[in-house]
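Both complexes shown next keep subunit A, but they swap its partner, so subunit B is in the first and subunit C is in the second.
Our next item is the complex of A and B:
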């Protein structure tokens, strides 16, 4: 799998996870790396949910200092690419 | 009133005449280990403020606190000197990263888990009736793998307190988030029920746990 395919695959996983965590978001058509955390309305609990699901799905453990840097889906995607190898 | 007067005992170098600690070895090892954080879960039982300040003698401790509705009470609280190493995190500043940072820097995070959680909670039995219970304590434990225990601070006499801790809560990982959260919350609710059974007068019953 090349880098682009890996990125697409992680993005699809993130979308699946977030669709379960954010049932109030109706339109997922523009979901992508530029989607901001703020626009998804993620609160503390949803972010913890997301971190748990990410670890279960990808085996990647995200640290606190990494969580505070998240501004967009692209940030999470990049981190998972780096940490997931 | 005792909480407001508690500075007189908390600022003493030796306050063992007023506060007795009953802490199992596994929790004490975490408290004394500078490389480990700890999640302290408790309810609105006894004097949780005294427990927070006393236990911050071991390592810095953060707790989530909301602004009081009564401005005079809020002013009184704000005017009190910081004691030991306890510091509050404003309720609306409780970003997940901020809470995780407390634990990643090997401090103690104290969380009261027994308010009505509404739609954000998980329905877990409390005294035999389903009650919406906050999941944050369980989620932080699962995500950060920080040791977790239940703690109570019971008033035993005038300016006399006893801090009791459960052993560390151990969980067999199942990979099923709902099962793991429920298992932790059931254990915490059970611990709180046991505290309340010892002395129901020391529980703050005003939180109306069974609203749904």
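Our next item is the complex of A and C:
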């Protein structure tokens, strides 16, 4: 799997996880790296849950303090790629 | 001695009325269909679908149709989280809408309304999820949000957050008395001027392998396999209770506030009594029960002869039904032979910490309609349960104060005197 394919795969997993935890978001057609965390309505608690779900799905452990400055899905995607997700 | 039991309270404070009712039950999630099923004698008890009961002694219960809850939650842009919270959310939403505390569409604006809810088992599904993750994966398997998902006040907190209710929020946990204690507490808060409006009630949803298993292993559940026959309150051939899930919600407010808003009043809370048996962890005591009944009547300023009907705790266990019957006769004396008595658990199942709320909703509907629903499976009455039990058909009652009893493991007793809407 090349880098692009890996990125697409992680993005798809993130979308699956987030669709489950963000029922108030109705339109997922534009979901991608530029989607902001704010637009998904994620607060600090839901981000903790998101990290848990990512670990269960990908095996990659991410500490909460690694994502506190993240603004977008792309930021999370890059970290997971670096950590071997 | 019971004859020496006297209420030490001195009441004459603000009137407390009901301006909203909500229900989520095996008979439906709107009060019209629930009432229709009640008067038609249709039970909500059936084979359990949400768990595989092949290893259990009991395979029946009263489940709320999954689809009803999911569809209603979707209107609030919510997904199912935990059954106790989800059921409470549905019932509370309906009660708040009816009371016009909230409008139909979120977002809601902050309001100084309190939330006092009762539960017996709390967020049982979330606990089960956490236990399972821990035993399968160890501490790292526990979701970071396990604490807010499993804490006992998750239900009241969830309601406060969803509907932006900024009064206090907390839970009352007293087994099967929880919801009645919650309603009574809310009543006192308004009566004594600590709150103007309170969302109160109870919720329990415990049909998961662990919590149902816990109940399955105590000898209180009926082993009768036919769901229509299994729950037989006050019958000599009663064989135990049948569990149910559900939630009931009431919006209480001061009479002054309700009338100033011009909101239709659904009924009134006239009195509340509570006591503790302090005698046995699971066996009830007629002394404690009679004390709570007398206290509630005293506060309401109502004589037993004025009570239109008694909505009993009526679990269909050997112990509860005979002790409750004795307690009623102690308080009502010869009037026991005249006042109609009924049990709703053969319809809803025993919804534990929610039962007092569901059955209070039924009591208020009965007072509105001047009619009480039937008792199911009462063909063979137990002579030890010497009450004036309603038969297999609904009967007319006068629109006058009614008694709602709830008693729980741990010895807690809660009794409400509910009245019809009056000016």
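Following the convention adopted for this analysis, the second predicted complex is superposed on the first by the 84 of 85 C-alpha atoms of A that agree within 3 Å, B and C clash if a C-alpha of one lies under 4 Å from a C-alpha of the other, contacts with A are read in each partner's own complex, and residues count from 1 in each chain.
We adopt the following convention: contacts are C-beta pairs under 8 Å (C-beta built on N, C-alpha and C of every residue); 3 or more make two chains touch, one makes a residue touch a chain.
All figures in this text were calculated on a predicted structure; none of them were measured in a lab.
K.L.:
With the two structures overlaid on subunit A, would subunit B and subunit C clash, or do they fit side by side?
P.N.:
clash
K.L.:
Does subunit B (first) or subunit C (second) touch A:29, or do both, or does neither?
P.N.:
After superposition on chain A, A:29 lies in contact with neither partner.
K.L.:
Taking the superposition as given, does A:51 touch the first partner, subunit B, the second, subunit C, both, or neither?
P.N.:
A:51: touches subunit B and subunit C.
K.L.:
Of the two partners subunit B and subunit C, indicate the one touching more residues belonging to subunit A.
P.N.:
Touching more residues of subunit A than the other partner does is B.
K.L.:
Touching A:65 in the superposition: subunit B (first), subunit C (second), both, neither?
P.N.:
first
K.L.:
In the combined picture, which part of subunit C sits where subunit B already is, 63-71, 153-161, 297-305 or 405-413?
P.N.:
Of the stretches 63-71, 153-161, 297-305 or 405-413 of subunit C, only 153-161 runs into subunit B after superposition.
K.L.:
Taking the stated contact definition, name every residue in subunit A that is touched by subunit B in one complex and by subunit C in the other, in rising order.
P.N.:
Comparing the two interfaces on subunit A, one with subunit B and one with subunit C, the shared residues are 45, 48-49, 51-52, 64.
K.L.:
Could you list, by residue number, the parts of subunit B that touch subunit A in their complex?
P.N.:
By the definition above, subunit B touches subunit A via 94-101, 103-104, 120, 135-136, 139-140, 142-144, 175, 177.
K.L.:
Flag every residue of subunit A that touches subunit C in the complex, lowest number first.
P.N.:
Result: residues 20-21, 23-24, 45, 48-49, 51-52, 64 of subunit A touch subunit C.
K.L.:
Subunit A touches which residues of subunit C in the complex?
P.N.:
Residues in contact with subunit A: 74, 77-79, 143-145, 148.
K.L.:
Taking the touch rule as given, give the residues of subunit A at its contact with subunit B in the complex, in rising order.
P.N.:
44-45, 47-49, 51-53, 55-56, 63-65, 67-68, 70
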